[in-house]
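Each of the two complexes below includes chain A, the first together with chain B, the second together with chain C.
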Partner chain A sequence: MPTVKNWQLGRNMDYPYDARYPSRQFAFVFNINRCIACQSCTMACKSTWTFSKGQEHMWWANVETKPYGGYPQWWDAKILAKLEEANPDGQVWGGKPADGRFGPYGTFEGQTIFEAAQRTLTSDSARVLGYLPTDEEWNSPNIYEDNPVGKRGVRNKLDETGEQLPVHNTWFFYLARICNHCSYPACLAACPRKAIYKRPEDGIVLLDQAECRGYRKCVEACPYKKSMYRGNTRTSEKCIACYPRVEGTDPETGGEPMETRCMAACIGQIRMQGLVQVAEDGSWAEDRYHPLYFLVHVAKVALPLYPQFGTQPNGYYIPPRWVPRAYLRQMFGPGVDRAIENYASPSRELLAVLQLFRRSNRIIYKYEIQEGPKIYEGSLHGRKVELYNDTVIAFGKTGREIFRTTIEEPIHVRSNAHANSI
Partner chain B sequence: MPYDDPEPEDPQELVGVELPGDEAVTREMAAAFADEFAQLGFTRAQILALYREAEYSGAHQAWRLLGEDEVARIVDESVGVWGRFTCIVTDSPDRDGEPEPLRFIRRRS
Partner chain C sequence: MSAITYAPDLVEEAVLLAERTLAAANARTFRRERNRVYDVAEPDQREADFRALHLKWFARLGLHQVIEQAVAARARLLDHVSGCRVSRALTGREEGADLIGPSPATARTGEGQPVLALRLRPASLLAPEPLATLLAHELTHVADMLDPAFKYERTLPASDDGPSADNILRDRYRVLWDVTIDGRLSQSGVADGRMREVRRREFAATFAMLGGEGPRLFDEWFDRVQPTHPALVAFAQAPNGNARTNMDDSGRCPLCRFPVAALDSRPERLSAAARAILRADFPAWRPEQGLCAQCLDLYEARQDEIVAPRAIG
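== the complex of A and B ==
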């Protein structure tokens, strides 16, 4: 099996195909601290792409309640258990975090889903360790999560005080998910028809419907379970990253690349999507003033989801700062402590870049900060806070300015009716 | 078997899992929500209303565990920092020569 370089794992790993990298890569950052699971992203995707017959159970974008929710149910617990079974007590990280772009979280010393497959599976067609979720697991995207049900015997009404829910002295958070458009896609590796391909211009992973014969190898292989089978067409389907928008063919922007539907619909302003430059070795090329590059490689607040699976996913998350670290380290790797520290005490530049989230539907390629005076100094929850009136300017693909944000103290204009009142 | 009794073999049956959690985690969760919503421009009254609302389970859970006074104190601290400024977003004109776009004035972040 060929060897490829995985910068998230800080080492080389086995992958069924030779490395091929796009010039730019579709990537995104979700700030979990902000997500309220309003499901606007979910419904934006559903109403755009998966509203047809046979797609009833398809949620290319979904938001699940962690730790107990999941779609399909228990997807991450199941694949983690399979990896643990294949490599007992060996799924650990070691080494020191590198300063550069290769191995920023240390070195993963365990087995990826590709490596574990070689040890545990015998069939030639089984290149990836995975499993096929049952029909029941696909049935309900949010079953038994956090919505209070109504009183017994009262129809079509939610419980007004949530008393039907037990109150636990514990924690949870919302995990919004779409296809990660991985650099080493497990779905692509597993497909016996070679129906799945990664576009050279933007790294979007697509599934050729004309080539697919519905063997469901991709459904089985994708550790994030973002490839889904459609019974009435007997083919599998997956997130297409709203590629007409990313290509800039949507008339709204006049040729400028535009963020996907799920990103644009996010009312919580948790999402930013972009196209990052890729280096020859598959890592991100240095692009200091690209907002996603800054969040992942400079501020180091955004981390990949389950990097230990080995697919080098391109979805990154700012982890929720209240959740116990052991759980987060399993989900996002050992970079969690630094990410939360940096997010809880944000630098001046990070505060500025966070202002770029959801200000425009257009994809930001570069930002610039014009520094302004300090406007506040104090403490918040025991941590020092300094605020500056910096102006952040976002630029699009052609280098044209998209928008700028700045900060002002609010001005209250008294109405004529109360002009003299104090 | 009565209708409401759980069936042990039902794959859809809710499985309880015990997870670590203490007051410090709840307090941090409450502080995180207060910070984020204050940055989104919510006022003190709006944020407190959100904590009282049972449908916002995470915030409501913290409110029930910590109490109104403690949550109000956390919210006051967050609004005291993030609520004092307004974020101004100015879109660029789509093409040269077009009229200046509207300035969208939003509360911070």
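== the complex of A and C ==
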């Protein structure tokens, strides 16, 4: 099996195909400290792409309540268990975080889904370790996420020993998910028809409906379970990253690259999507004033989802501050502690970049900060805090300014001309 | 009865799941045949070809065998149904057998025959032993429904206490019927010996109000050779009428008067302080009458409020 470089894992890894990288890569950052699970993203996607017959069970974008919830149910617990079974007690990180762009979280010393497959599967399906979710797991998004239930398989009865649980702090958070348009897609690796491809211009992973013959290997292989089988066409489908919008060819975009429907619909303003430059080795090329580059590689507050799977996902999350660290480290890797520390005590630049989220639906390619006056001085978490009313300016693909905004939110004074006007 | 018919989506999914168990050469043959169907341009023809292909492989893989055997083992039952349809269940809870169409009573008199409807998950067809057990159980339900001696009625008696009381009655009836079915299957050697313990736990949870009499009554129902619908309903309506307990037999909590599945038979769990508060509200209440879990929680909470008032502000 060929070897490719995985910068998130800080090492080379086995992958069924030789490395080929796009010039730019579709990527996004979700600040899940702010997600309220309103499901606006979910419905924006549903009403755009998956409203037809045969797509009833499909939610290319979904929001699930962690730690209990999942769509399909228990997707992450199941694949983590399979990896653990393949490599008992070996799924660990080591080494030191690198200063550069390769290995910023240390080195993953365990096995990816590609590597574990070679050890545990028969040759026919040896490319990727995965599983096929059941009908029930697909058909119940968000079921019981806010309900107490008994033991599995016991009907109409709550857990009798639940009251004996040790005293603990309850916690949960909402995890918004779409296809990660991975750099090393498991779906692509598993497809026996080569019906799945990664676009060279933006790294979006697409599934050619004319080539698909419904083997469902992609459904089985994708560790994030974002490839779905459609019974009436007998082909699989997946998130297409709203590529007409990203290309700027959707009539609404006016020729300028625009963020996806799920991003644009986010009323919690947790999402930012962009196209990052890719270096020859598949890592992100230095692009200091690209907001996603800044969040991932400079501020280091945004982390990949389950990087240990090995697909080098391009979805990044600012982890929730209140969640036990062990859980977060499992989900986002060892960069969690630094990410939360940096987010909880944000730098002057990070504060400015966080203001860029959802001020516009246009894709931001670059930002610039104009310094403003000091507006606050105090302490937070035992540290001195100074706030400056800086202005952050977002630029689009052509270098034209898209918008500018300030750290201090503007105050709108309601006109007294009409009682309820804004 | 005409032949058993299978829903196309069940057949297709079962075949796709079974494909993983095929030898490599067989799997390649299946895929070659299936891939060819994708090239059929006319949608209706393509759909028909897919269905025919999957049905052919369904039969070739013997995925129908357990169902056919289970139904054939109930030859007398088949005389009273006009057909048997097997459709796809999405969850384990949906799996089962039922009669649809004319009522079982008319089937018994020969005035019109219902259809035997089986709902199964595709994955269940790949596990012959559990499937055989499930079908034996479910088809006994159907056999009971068609047996004149069982005197089955489709609807249970409605309660004046509203839907919650109806739900309680239905749950009790379901548990009791399941107990008698698995009891009979155990006696005939069809059901696993462990089923007795499974049903005992379910019975104990549903009929907790029986207290110490529960195990004896469970054995009585589990070993009963010829249960009837009216007897099941009567017991479900008044479990205590069949047992020597001091519990209130009305199916309502003596305090809040709401219908409850089971009164808490352990009022001694109430602390002395909570009992004193309760007595202040209900002087005539005696612990032997029991109370519902909600009332028990309520008075425990009130006691907590008095013992440790919460600081506000």
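The rule we apply is simple: the second predicted complex is superposed on the first by the 375 of 422 C-alpha atoms of A that agree within 3 Å, B and C clash if a C-alpha of one lies under 4 Å from a C-alpha of the other, contacts with A are read in each partner's own complex, and residues count from 1 in each chain.
Keep this in mind: a contact is a pair of C-beta atoms (placed from the backbone, for glycine too) under 8 Å apart; a residue touches a chain by one contact, two chains touch by 3 or more.
Because the structure is a prediction, the values reported are computed rather than measured.
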Partner chain in contact with A:216 - chain B first, chain C second, else both or neither: second
Which of chain B and chain C A:143 touches, first, second, both or neither: first
Which superposed partner A:274 touches (first chain B, second chain C, both, neither): neither
Chain B versus chain C as contact partner of A:406, first or second or both or neither: first
First (chain B), second (chain C), both or neither touched by A:360: first
Which superposed partner A:10 touches (first chain B, second chain C, both, neither): neither
Which of chain B and chain C A:171 touches, first, second, both or neither: first
Which superposed partner A:36 touches (first chain B, second chain C, both, neither): first
Which superposed partner A:234 touches (first chain B, second chain C, both, neither): second
Partner with the higher number of touched chain A residues, chain C or chain B: B
Overlap of the chain B and chain C footprints on chain A, listed as residue numbers: 134, 136, 139
Sites on chain A touched by chain B in the complex: 33-34, 36, 67-68, 134, 136-137, 139-140, 143-144, 146-148, 158-162, 165, 167-173, 254, 268-269, 320-324, 327, 354-355, 359-360, 375-376, 378, 380-381, 385, 387, 400-410
Footprint of chain A on chain C - complex, ascending: 9, 12-13, 16-17, 24, 27, 31, 34-35, 38, 50, 88, 90-93, 121-123, 171, 205
In the complex with chain A, residue positions of chain B that touch it: 11-12, 14, 17, 19-23, 25-26, 28-29, 31-32, 35-36, 40, 54-58, 60-61, 64-65, 74, 77-78, 80-81, 84-92, 94-95, 107-109
Residue ranges of chain A touching chain C (in the complex, touch as defined): 124, 132, 134-136, 139, 155-157, 213-216, 231, 234
